[in-house]
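Structure record follows, encoded as structure tokens.
As written, the chain order gives the labels A, B, C, D and E, with residue 1 at the start of each chain.
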Amino acid sequence: MNRASPTVRSTGADAFSGSVAAPDPARPLLEVSGVTLQYKTADHLVTATYRVDFQVFKSDRYVLLGPSGCGKSTLLKAIGGYLEPVEGAIRLNGHEVTKPGPDRMMVFQEFDQLLPWKSVRENVMFALTTSGRATGAEAAERTDHYINKVGLAKFAHSFPHTLSGGMKQRVAIARGMAMEPDVLLMDEPYAALDALTRRRMQDELLRLWDDTKFTVLFVTHSIEEAIRVGTRILLLSPHPGQVKAELNSIPPEQLGTAAQAELEARINDMLFVH
Amino acid sequence: MNRASPTVRSTGADAFSGSVAAPDPARPLLEVSGVTLQYKTADHLVTATYRVDFQVFKSDRYVLLGPSGCGKSTLLKAIGGYLEPVEGAIRLNGHEVTKPGPDRMMVFQEFDQLLPWKSVRENVMFALTTSGRATGAEAAERTDHYINKVGLAKFAHSFPHTLSGGMKQRVAIARGMAMEPDVLLMDEPYAALDALTRRRMQDELLRLWDDTKFTVLFVTHSIEEAIRVGTRILLLSPHPGQVKAELNSIPPEQLGTAAQAELEARINDMLFVH
Amino acid sequence: MTMQSVLVERPEIVRDVSRSTVIADVEKPLSMWERLYRVPLMRKGLILLVLAVIWEVYGRWLDNPLLFPPFSAMLQAFATDLADGIIPARTLVSLQTLVIGYAMGILLAALLTTVAIGSQIGTDLLETMTSMLNPLPAIALLPLALIWFGLGSGSVIFVLVHSVLWAIALNTHAGFRSVSNTLRMVGRNYGLGGLGLVRHILIPAAFPSILTGLKVGWAFAWRTLIAAELVFGVSSGSGGLGWYIFENRNQLETANVFAGLFTVILIGLVVENGVFATIERRTIRRWGMQH
Amino acid sequence: MTMQSVLVERPEIVRDVSRSTVIADVEKPLSMWERLYRVPLMRKGLILLVLAVIWEVYGRWLDNPLLFPPFSAMLQAFATDLADGIIPARTLVSLQTLVIGYAMGILLAALLTTVAIGSQIGTDLLETMTSMLNPLPAIALLPLALIWFGLGSGSVIFVLVHSVLWAIALNTHAGFRSVSNTLRMVGRNYGLGGLGLVRHILIPAAFPSILTGLKVGWAFAWRTLIAAELVFGVSSGSGGLGWYIFENRNQLETANVFAGLFTVILIGLVVENGVFATIERRTIRRWGMQH
Amino acid sequence: SGTLPTGPARAEAPEVHISKGYGILYLPMIVMEHEKLLEKQAKAAGLGDVKVGWLELDGGNIINDAMISGNLDIAAIGVPGFLTLWSKVKGNAKLEVSALAGLSATSLYLNTNNPNIKSLKDFTAKDKIALPGIKTSLSAVVLQMAVAKEFGDDNYAKLDPMTVGLPHPEAYTALVSGKTEVNSHLGSPPYSFMELESPQVHRVMNSVDVLGNISLDLVYAPKRFIDANPKLTAAFLAALEEADKLIADEPAQAATIYVQSAKAKLSADEVQRMITDPDTKFSTTPNGVMQFANFMGRVGSIKNKPSSWQDLFIANVHSLPGS
């Protein structure tokens, strides 16, 4: 198997040229090795991903890119601890993932991920307090901060069912970010957002990353977004998902230059042609 | 009021230069005039759109573009006949819209729009047969045709809960198209789709339009998509939604040229700056 | 070009949306009748009136007051015994027992469903127990009740619990199992599990089902109480509404029998419109879970 | 550059995903015990065994077969009367009445909830009727039953309907109201309304609630039937299970009384695991509505 | 009355609905059903083939309700239950009822497993006396009458607070097992006899000793039915007489009939012992009905008091030596 061991990079679409970082390169934060995921339904067995390997290091902004139905959500759910691989293993900090927990905060793809019986503000606050990530005044402060960031201050006391699709997703994003987890798992968080809001959210994510250097696993459909948001991009093949490539993104200052266009074209080719 | 009366166009970002068409230009298919839409919740009154006017003519591919929460879905639901305007009127073929019907087929934004108790195929077929748009062999044939078009032939007998988010939306799209309605109302149908699938779906829509010249009202967040898919684009202001502009798109042969970039920039400016 | 040929061409429009537009609160005017119709109490009052009239007319037409007195005769008996304080006293006795039995039923149902949702064997246990015990009539419990609780309210409460428990447990459990996987996952993401998950996620998410269970349970508690007060000899003097009804039936005071039943009806209406409707309005309606 | 400095750099990877990869059907191996545990019937059988043992032990410890016979004594009585054909005959009589009453209850509930979902006043009507009538015990219906149906199965069925109708209607209606707005809108988009909407959209979408209602209704039908068979008496020799229990009670054949109740339990188990579980598996479980 | 046009085809009702109760006190009705005596007598009276529908109903309330609603033509019931209805409907031509005949008399035993209780005086608040229904059931009224005899009319309800409602079989079980707080029972045969077979149980009182061998049950019918069907009524009386005679003359056969038709697990011998007990009487002649009426009138349970037993009964039996 040609699985890459994490070394100082020397090849590839030379995008990152910064100094080599401190964290122990030998130890990935998240290690997905040979993971096959299946669903058993009443009628048949569906293989969602097949022997997927990849490694996420601390502070990576890791993007999963792949066609609809290739198993991205399933993979994220397995990392979240909701699904057990039928083959292979998922390790977080060297420990096998066995159950969900607030260290891996998930932003789901579905619109019904808010608790309908809690207002926008309560939804975010409740996540913080029950998980014990923040309490009292700090929780309230963080809540308001992130609700503001996603532009929903005016709707802080609205119930989820009175929000538009995009607004619901923004609440989920605020909740995910407010938790400030070790790993943030985001499943197409910006799909329901308009261009402007989407751009704002992306910038917000990058700014937050600058502050806290958290690790994020990000599913997206947009190649452009993958390049903007990600530092490393995993390409998956169509159903059942298998690893096709793992690429480095370009640094922010190269956005809008030919480098971006080139990478975009490269990814395009890899995904569309096979 | 500066509402435009439909005349032969002579101004604007000269994009369409074809010959003037046969349909009676004095009679729009769909007429939205001064429509204010509100939600009454237990706690307060939310105004979703305020005095929105626009007209959709036969065979228009009409795009609604606007920031998250500006009332696009609400507007579409009102046209669908689910909501009554508190002000103004919505007329289809000159008759006020009072209730939903299969002449205005809706593709909703939500993932839970498929009937969970029917397989993919049954979902599409049932829509055709109950609404009386097609029966028997014709319904079966059309069903299979469109399921194939959205790339779900392999999953024709799966139940919706075993599909990924994007696959669910594709079923809804297949259903909407199979109905071949007078007006197709699509609420961000492609938001959950990856770049490749999305492009395929867009092409499918355009090809179908070439065949049947149906009218479609299309909500999207992507300016690029608006230009690609639409013939006319309505820009809405943020919450509560008001009409900001109504623009013509560019013909397909100009896609990828400077004309597209120019229009994109123009829309961008209009939406982002105010 | 054929593609554009079918399109109606028209000029572009650009408007200046002044953000300062004062957005008027528009409300559609309603007719007097519509406005009255919008008040639930008015509509329900109307229904009650119609039912009372039907009762009265049928009662008079039947002309057999010993079997089925007209509404007015019942009302008279009701008024008399209300003024006497007999009905209030009996109602109080019944309500006390009822509330205890009902509360215990709810508690046990909560316990059972929590166990059930926790594991497969728990689910099996609940399903098996429910399908076995729920169809058993109160007399099946009589021997055990006598041994364990003796006569009097202990046994009545035992029987009440039996009539309440299974219906509530079934509804609650079905509600729990209908909670969407996404919400479950969200809860577990917060680190919730077991009791925490039940309390913070499953109960609110399954609240419509739970409320239905509580309504059904409440009604069956009444039915059972009335019947049980007869079966489980009340020591005389301490009887509740069931006893009141039984006593009057023995003496063929049919109007009073119906007055007792009318009391049950009234309490039912008050509890539905006062308690359950309020809970519904403040919870599931507000949360957009009921349409 | 600070932004990149924290990142671990590594080479890019490109793989050749051959579409021809044979994807093996991987299954985790299960231990014998796990495999047995996965069979619902095994788990439930175990539970039943434990319950039977508890019954036996408690019965023996109590040592009062007149009040509460041990399981074995009951089983013997059951076997005898089963072989005699007495229990089958009585069960048949009861089941006939039960099924008719149950079916009519379902029908009426369907009617009522359809009316209720159609308009505001319909909802009020259902809510009012339910909150008023559901708490009423069977004796409240006695006079009307006697007038309308006389003694015998007509009245029993009437009482059965009363015990079944409201629980099913409440559950169905609550289920209908919980159906998501999106699904409703989809249905109306197809041109469905009124009965069509109820049949094609609301009933399947609310099926978990409806099933719960059917289960609760089924159980209460049994309870009521057993009690009603006593009240409405029997014409010679035609009694059902309720009468069988009553007779044996009068003759102090406690083991037979429990054999009668055991029959009810058995039927409950069969219906739950045979009928309801199958329906559940074929519908809501298959549709992903139950987790 | 009785002026209905009497055509040959439909002289009187072609069908009659009769309710009997459960247990040995209804033996004459059981015999009548089993031997088809009413059908026989009706035929003899020229009424042709009368169809007789027999019903088994438990409890005075339901019997009275069924009667008022027109579902029954003739029913057997406890004397107090009848008196309550009679008094209630007196004067209402549509609903008035009349007793046809007495049915049975037997002893009710007040048994206890509390060794400290020797007489009615010894009951304390801790003791619980089981009755099929408190205050108004046949047993309850008999107890009240006995208490009134012992403590004076004003104190007739002295023991009521100690009574609890429990069906005879449960009461028997409770008494014999001694596992519950119910320690006494005013029971009828066979339960009263069987209780005494237990060494812990003894008898405190026999109702016959206190009140005499009074009728506990009787047979009644709506006046409208009686007036419209004089021949059928007479036939019923004759059938009842015949049943009584059979019981008196052939107790063994009567016992066998009982065991057969009630599917009782008792042996015919045991049943025979019960029906030949000197306290048990099956007779159409009402005995001591006025004792009940007077007592219930005195304590206010009935508003209309009969002046004599003949007020309650149809003319056919007025000549009997009733009381």
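One rule holds for everything that comes next: contacts are C-beta pairs under 8 Å (C-beta built on N, C-alpha and C of every residue); 3 or more make two chains touch, one makes a residue touch a chain.
Only a predicted model underlies this, so the values are computations on that prediction, with no experimental measurement involved.
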{"item": "Partner chains shared by subunit B and subunit E (touch criterion as defined above)", "value": "C, D"}
{"item": "Any chain that touches subunit E and subunit D", "value": "C"}
{"item": "Most widely separated chain from subunit A, with each centre as the mean of CA atoms", "value": "E"}
{"item": "Top chain pair, ranked by number of contacting C-beta pairs", "value": "C-D"}
{"item": "Euclidean distance of C-alpha centroids - subunit C vs subunit E, Å", "value": "43"}
{"item": "Distance from subunit B to subunit A - Cα centre to Cα centre, in angstrom", "value": "30"}
{"item": "Subunit B: positions in contact with at least two other chains", "value": "110, 112, 159, 162"}
{"item": "Subunit E residues counted as touching two or more neighbouring chains", "value": "65, 69, 170, 173-174, 179"}
{"item": "Residue numbers of subunit D (touch at least two other chains)", "value": "62, 67, 143, 146-147, 249, 254, 286, 289"}
{"item": "Full enumeration of touching chain pairs", "value": "A-B, A-C, A-D, B-C, B-D, C-D, C-E, D-E"}
{"item": "Residues on subunit A engaged by subunit C in the complex (per definition of touch)", "value": "77, 80-82, 99-102, 104-106, 108, 110, 112-113, 115-117, 126-127, 130-132, 159-162"}
{"item": "Residues of subunit B touching subunit C in the complex", "value": "2-4, 6-13, 16-23, 25, 36, 38, 42, 45, 47, 50, 57-60, 86-87, 210, 213, 231, 237, 240, 242-248, 251-252, 270, 274"}
{"item": "In the complex with subunit C, residue positions of subunit D that touch it", "value": "37, 40, 43-44, 47-48, 51, 62, 67-68, 120-121, 124-125, 127-128, 130-140, 143-144, 146-147, 163, 166-167, 170-171, 174, 177-179, 181, 184, 208-209, 211-212, 215-216, 218-224, 226-227, 242, 245, 249, 254, 261, 264-265, 267-269, 271-273, 276-277, 289-291"}
{"item": "In the complex with subunit B, residue positions of subunit C that touch it", "value": "1-15, 17, 19, 21, 23, 25-28, 281, 285-286"}
{"item": "Subunit C - residues contacting subunit E, complex", "value": "63-64, 66-67, 142-143, 146-147, 150-151, 230-237, 246-247, 249-252"}
